[in-house]
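Pasting the structures in now, so scroll down.
Shared between the two complexes below is subunit A, which pairs with subunit B and subunit C, respectively.
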Partner chain A sequence: MLRYILKRILLMVPTLFVISVIAFIVIQLPPGDFLTSYINNRAAEGTLISNEEITNLRMQYGMDKPMINQYFIWIGSILKGDYGYSFLYRRPVSELIWERLVLTFVISLVTLLFTWVIAFPVGIFSAVKQYSLGDYVATAFGFLGLSIPNFLFALVLMVLAFQYFGLSLSGLFSPDYVEAPWSLAKVGNLLQHLWIPVIVLGLSGTAGMIRTMRANLLDELHKPYVTTARAKGQSKFKTLLRYPVRAALNPFVSTIGYTLPNLVSGSIIVSVVLSLPTTGPLLLASLMAQDMYLAGAYVLLLSSLTVVGTLVSDILLAWLDPRIRLSLRG
Partner chain B sequence: MTAVSVPTPTAPRRGLPQGSQEKKTRVFVASQGTLIWWRFRKHKPALISAVVLILIYLVVLFAEFFAPFPQENYSVKYTYAPPQTLQIFLNGPNGLEFRPHVLGYKSVLNQESLKRVFTLDPEQVVPVQFFAQGEPYLLMGFIPATTHLLGPTAKEDPMYLLGADRLGRDVFSRMVYGTRISMTIGLVGVTISLLLGILLGGISGFFGGWVDIAIQRTIEFIISIPSIPLWLGLSAALPSDWSPIQVYFAITLILSLRGWTGLARVVRGRFLSLREEEFVMAAALDGSSELRLIFLHMLPSFMSHIIATVTLAIPEMILAETSLSFLGLGLRAPAVSWGVLLQEAQNVRSVVQAPWLLVPAVGVILAVLTFNFLGDGLRDAADPYSR
Partner chain C sequence: MKASIRIVVTLMFVLVMVVTACTPAATPVATTAPAQSTATTAAKPAEPTATKQLAVVATATVLPTVAASKYKEAPALTELAKSGKVPAVTDRLPQIPMVVKPTDKVGTYGGTWRMGAVGGADQLSFQRIFAYEPLLRWTADYSGYLPNVAESFVANADSSEYTVKLRKGMKWSDGKPFTTEDVRFWFEDVLLNKDITAKPDSIFVANGKTVEVKIIDETSFTFKFAGPYGFFPLRMAYNAAPINYPAAYLKQFHTKYNPDAAKKATDAGAKSWVEYFTQKATYYTNVELPTLYAWNLTTPYGGASSVLTAERNPYYWKVDPEGNQLPYIDKVQYTIHQSVDTLVLQALNGEVDMQYRHFGTLNNKSIFFDSQQKGGFKLFPVTSALANTQCIYPTLTTKDPVTRALLQNKDFRIGLSYAINRKEIIDLVYFGQANPQQVAPDVNGPFANKQMATQYTEFSLDKANAALDKAGLTKKDAEGFRLRSDGKRVSLTVEVSTTFPNHADALNLVKVTWKKVGVDLNVKVEDRTIQWERKAANETELFDWQAGGGGGLDVMLNPQAYFPDRASAWFAPAWGDWYATRGAKGEEPPAEMKKMMELYDQLQTQPKFEDQVKLMKDILQISADYFPAICIANDPDVFGIVKNNMMNVPKTLLESATLLTPAPTNPEQYFFAK
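The block that comes next holds the complex of A and B.
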């Protein structure tokens, strides 16, 4: 087991390297570079930059050197914890990203828990009471949830709230708290606003999970071991939770690695619509403005999160499922 | 990384004619295609979805005929005009008559907000007719025509069945044109993914060994890059002076860059299990070449699975294009897709003022839903010998 984990961690290194190269390429792709757009922006504001200053900036960011050197300068400083400077916001990137990354992560984690809390009982009910009215309702909900794009759902919720209650659903904090330092009251305020993005983001995931849970459990319910357990006099409820449900849970563990990064990635568009103070709006703005250091840091960190998530789920799965664990020994 | 496939629920043997001896014989001599069809037609939602999709693609093919007006027709007089309802009969002096019409607008300038407010005026009857003569167009790109399925009898009369947008353009016509791009972008993208997926998945599964390992590692790597930041990054990198056609193909390429991996995995899995089957070994012992083995013996036996997987992949592409265009990173005006149309609805205030701007979303939901049902039905029917 330990050897397996070590091997997986070692395999991560080349993956992360290639990801960093791709992040760098994606950011370099647009015609021109971030300095030209920076100079244009400044010119549009009426401040002209002298040629000398431009040359200095080029030197400072190594832009006079070939592409490969630029990459190593970039990745080298990131490894040292320096994410560079955002030209769009005129602040160091590390000041901009961490709070937003943490908020993104909190939203995604709460959404994941929300999805599970709703989907497991409903899925089990749907399978046990197959073809009942409740099952049909759950199935209909499942199909609708899968086919409504998240961002549209967010938009419709916002419009309804605005039209009928005069509420603005955007943001994660009340206006008083946006700039306030972190305190218990601010956390409470966050919790009051959190449910909207959680419901919006959780919709499709919940729908998909109900369907998977139902299908998995239906496969298990008719197996002989269930009949045996019942014949031995175990209660219906206990049998259900003890064996078939446990077996049906396996696929979920194996998808944790994908689910969490998918949520983070999916929350980008929703958070643009709801204007949440998470990574989404900033990533979009930085890509549009070719704010290279900011965009690069986001793409790199989000991708690394995916890789780590996958690793965690693989280890969890190996730990939970003896069949996989045993096959690793050979 | 372990991919766990989700099994479909077990159900009793469906779709096969049962009972009398004669019917059983029919089952035994039926071809695989017939068996698939028998099972597929029992899946009613899939059958209905297939019909709906055929209708949608007819609209795609003859968009100019179905849309009352060209997509760029605008009229500042009718900014944000609300939808009219089409009425077939008119209660005239001689009782009910067959006279299709819509009600004209009465516009009042709101003194406070200085905005024009439209109300439908029952006094004004705008006659409309089926197969009306309207703006000339080229049907399917080469047949000149002027007939539209529905249009106002007098060309300049207003007819906004789904309301007007901020420039007074007809939302219904634009949605019909948007169908063309939204519904084909999925097809083109999936075709590219399919070619790549069959080729690389097939190589991976058929040859095995280090080729297999290399391809599998690549797939795992591509999956580990989060899709949306990658799509956003690549689409933001498209030069802004590209023509809509270039952007269209670039977007499909970007979307299929990731799409092929899922298909490659399915193909590989199938190849791996089929390689061990007796009929493949028998053919190999008969001296069939590898190409003959792949294309004549193995491919036909999992084609139905591939079709089902492909069908389920199309809605994801449609959703992805819609999201990208909605954010302003996908297709750009003058190209019209459902996502481009929904961009108009990005601002909550304009949606509150004109809720019909959200109508293109109905198209997206309908397309995704029908493709999902169809894919489900096909997947169930794909293997008629199972169960």
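The block that comes next holds the complex of A and C.
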């Protein structure tokens, strides 16, 4: 088991290296670079930008070296812990990401908990009381959340809140509370704004989980060992939780790997539509402006978290399921 | 029974048909703002009103002054002055503060002006409200300029030397004196410093030589050019230099004055001292930078905070005619949105006090009109200084030789223009709110050129076919499309940006009518960065965009709709590049283009404003005869919103990127009624 873990950790290094090369290439792929898109945007807005200004900017930003050199300079500084300077925001990249990390984490964590808290019991209920009215209702809501695009759902909820409650619920705080120190009122304001992103993001995840849980559990519930346990006198509830549910949890634990990067990136499009001050819009803005350092550092961060998260979920799976533990031993 | 039901249903059907046929086209519902003054808005033929006179006021006229004993200030500042944190108001204001005439009446202090910005690169939202304090400022109707930071700005006889007098006793927002030392710092340590400025901006270059700035005393200095440069003041009304570098503060970041500057920069994470210096000298990334603005940001732009507040500058150097120190409003608060939708929602809910940027479009007009009562605001018209709302610019310097020859053929362009049903497009896409027009200066303005505005706007398939035949495209293929000289079908791609959703709709209508005269059009919608990238590389065939340079002084400052004056010009980028680099790059243009470029060079040297105007009119006539672009209609009015309790906001605004609307309307004198 230990050897397995060590081997995986060693494999992470080349994986991350390949990812960094691909990320670098892809970010630089669109024609031009940060400066040309900056200049084109200014020109498109009608601002008079002169040739001399362009020359000055080019000199200031040092965008005159060939691609390969730029890559190694970049990777070298990342390894030293220096994530570079964002051209778009004119600040160090680490500052930019760090500022938004806490809030992003909070939203994603609350969404995750919301999804699990709803999906598990409802999924179990759906399986146990198969084809009942409750099953159908739960499934219908789940599919509703799954089929409506997230951003459309967010817009609809915002419009409904505006029309019927007279609230404009954009962002995470009302303008008066953004800079104010933390207080009970501020928490209340946050909760008032938080429910839209949590519901929008949570509902679609819930549907998938409910159906998977339901399907897996149905498979398990009809197996002989369940009948045996019941025949031997164990209560329904205990039987349910100790054996079939544990087996049905397999697919969930294996996807935990992806929740780690999701916690950090949140959902980009919904964040943009709802104007949430999270890291998602930061990535979008940096990609559109071809801000190499910000976009590159961000993508690397997400990839590292994914790789680490996958390892964590594999370990968790091994812990949860003896069958996998045995297969790992050789 | 059955028969009568059938009759009733048929009658209802007929009734419905009749009603829908007779309903007039959606006319603009009267807004609560008074009747619009320009006739270009309603769909009536434009009647020539008295042509606006262009006026420039730059000489040392006697300014209205207020006795120092009458100065008054905001209550919060009185408190600060009492506790000694800031000096008394008479010491904070310069000896001769600028007197701003209020739009309606003298105002009262207080309130927070809430607005919205979108995205992470919306600095223009600040520049258009408070970060506009150049030496000279535009008049609100874009007809001229006035002294602003400069008390006077006088040219010598041949306009090669300008003497500028600053205001004695004026201070930066941190209380330090604002003197010509700041101008010298800009000139010697920024403009002439090769690390910071590789090449001085062409604004400060005449006859190929950079300007010489000579300091006379604490408040006066001169700009000395190597030749006549009558256009200089117009350029200065749009330029932040030379008074945007507070010397006392910035010296600590400059290697000439602080040997540790380079180390300071790398410690802070910057790549070089120049980068750190530039970041420190930018008001929206460094909020400690002293400025001359009415309000100053308290948190930097680009941080995680989704609300930015700009607070009153105690040392602001303007007063109203009764001696009240401006601004009236205490704070300007920006909510940073990631998409326009949340901004629209906030505005509908009455949480935006006055704004038109981002959401004031024709498509949104109806929902804002409906929400006036609920939101507590009213709509006001915003007229456009654009020369046209939608133009199809042929890329006359496109790479493919056959396409290029075709596009450069005037008869071809004439034919294409005749084959556009402008009335239909205006009714269907622009809500009937415009008139058919080619790219041209404001038809009611001093540069109006009737030929330019109305030529080839008629919708006539016969004339179109005749012109296209004259262009040599007489052969047609089996489907009726004309064939080029190389035997291929005449097929053009027009690249249109997602920034203008209405344009793509209009182009699809153009496609239908062009097909009737045998021209195949592909409408390609793409992101604007790709579109501009491809145009810069001369890879586009037809490029769809608006046309600036229509109203007020924009005609002279932004002439790229008439001839290409820069590499990013809308048609013929290669010729624009040739002009901008003085022949070093790009392609040599044909004779007519070169003539316009020569005249424009001459224009910039003319000392007398009337001579500049005359040369511009000559350029316009040459451009009208050349007919480079095929355009649809004049730009319809859009709208802005203002809360019912916000006063001194003008009844209409003239929008132009160079005018930086609404800054020239003096937002520092807007106020909230109690």
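Some observations on this one:
Just so we're on the same page, the second predicted complex is superposed on the first by the 272 of 330 C-alpha atoms of A that agree within 3 Å, B and C clash if a C-alpha of one lies under 4 Å from a C-alpha of the other, contacts with A are read in each partner's own complex, and residues count from 1 in each chain.
In this section, contacts are C-beta pairs under 8 Å (C-beta built on N, C-alpha and C of every residue); 3 or more make two chains touch, one makes a residue touch a chain.
All values reported here derive from a predicted model rather than from experimental measurement.
In the superposed model, A:M158 makes contact with both subunit B and subunit C. Legend: residue contacts after superposition of the two complexes on their common chain; A:I39 is shown touching subunit C, with no touch to subunit B. Using the contact criterion defined above for the overlaid structures, shared-chain residue A:V272 touches subunit B and also reaches subunit C.
Contacts of A:L283 after superposition on the shared chain: subunit B is touched, whereas subunit C is not. In the superposition on chain A, contact is made by A:T306 with subunit B only, not with subunit C.
By the touch criterion stated above, A:V200 is placed in contact with neither subunit B nor subunit C. Touch criterion not met for A:L260: it reaches neither subunit B nor subunit C.
Overlaid on A, the two complexes show subunit B and subunit C touching the same residues of subunit A, namely 30-31, 155, 158-159, 162, 272-273, 288. Put simply, subunit A touches subunit C in their complex at residues 30-32, 36-37, 39-41, 43-53, 55-56, 58-62, 82, 85, 88-92, 94-96, 99-100, 103, 155, 158-159, 162, 166-168, 170-173, 175, 178-179, 271-277, 281-282, 285, 288-289.
Every residue of subunit C that touches subunit A in the complex is listed here, in rising order: 114, 119-121, 124, 196-203, 238, 268-272, 274-275, 278-279, 282, 285, 299-300, 302-307, 309, 333, 335-339, 341-343, 345-346, 348-349, 351, 374, 497, 499, 528-530, 532-534, 536-537, 545, 548, 557-558, 566-568, 580-581, 656-658. Every residue of subunit A that touches subunit B in the complex is listed here, in rising order: 15, 18-19, 22-23, 26-27, 29-31, 143-144, 146-149, 151-152, 155-156, 158-159, 162-163, 212, 214-216, 218-219, 222, 250-251, 254-255, 257-258, 261-262, 264-266, 268-269, 272-273, 283-284, 287-288, 290, 295, 298-299, 302-303, 305-307, 310, 314, 317, 324. Remark: subunit B residues 1-4, 6-10, 221, 223-230, 232-234, 236-237, 239, 315, 319, 322-323, 326-327, 329, 342, 345-346, 348-349, 351-352, 355, 358, 361, 364-365, 368-369, 372-373 touch subunit A in the complex.
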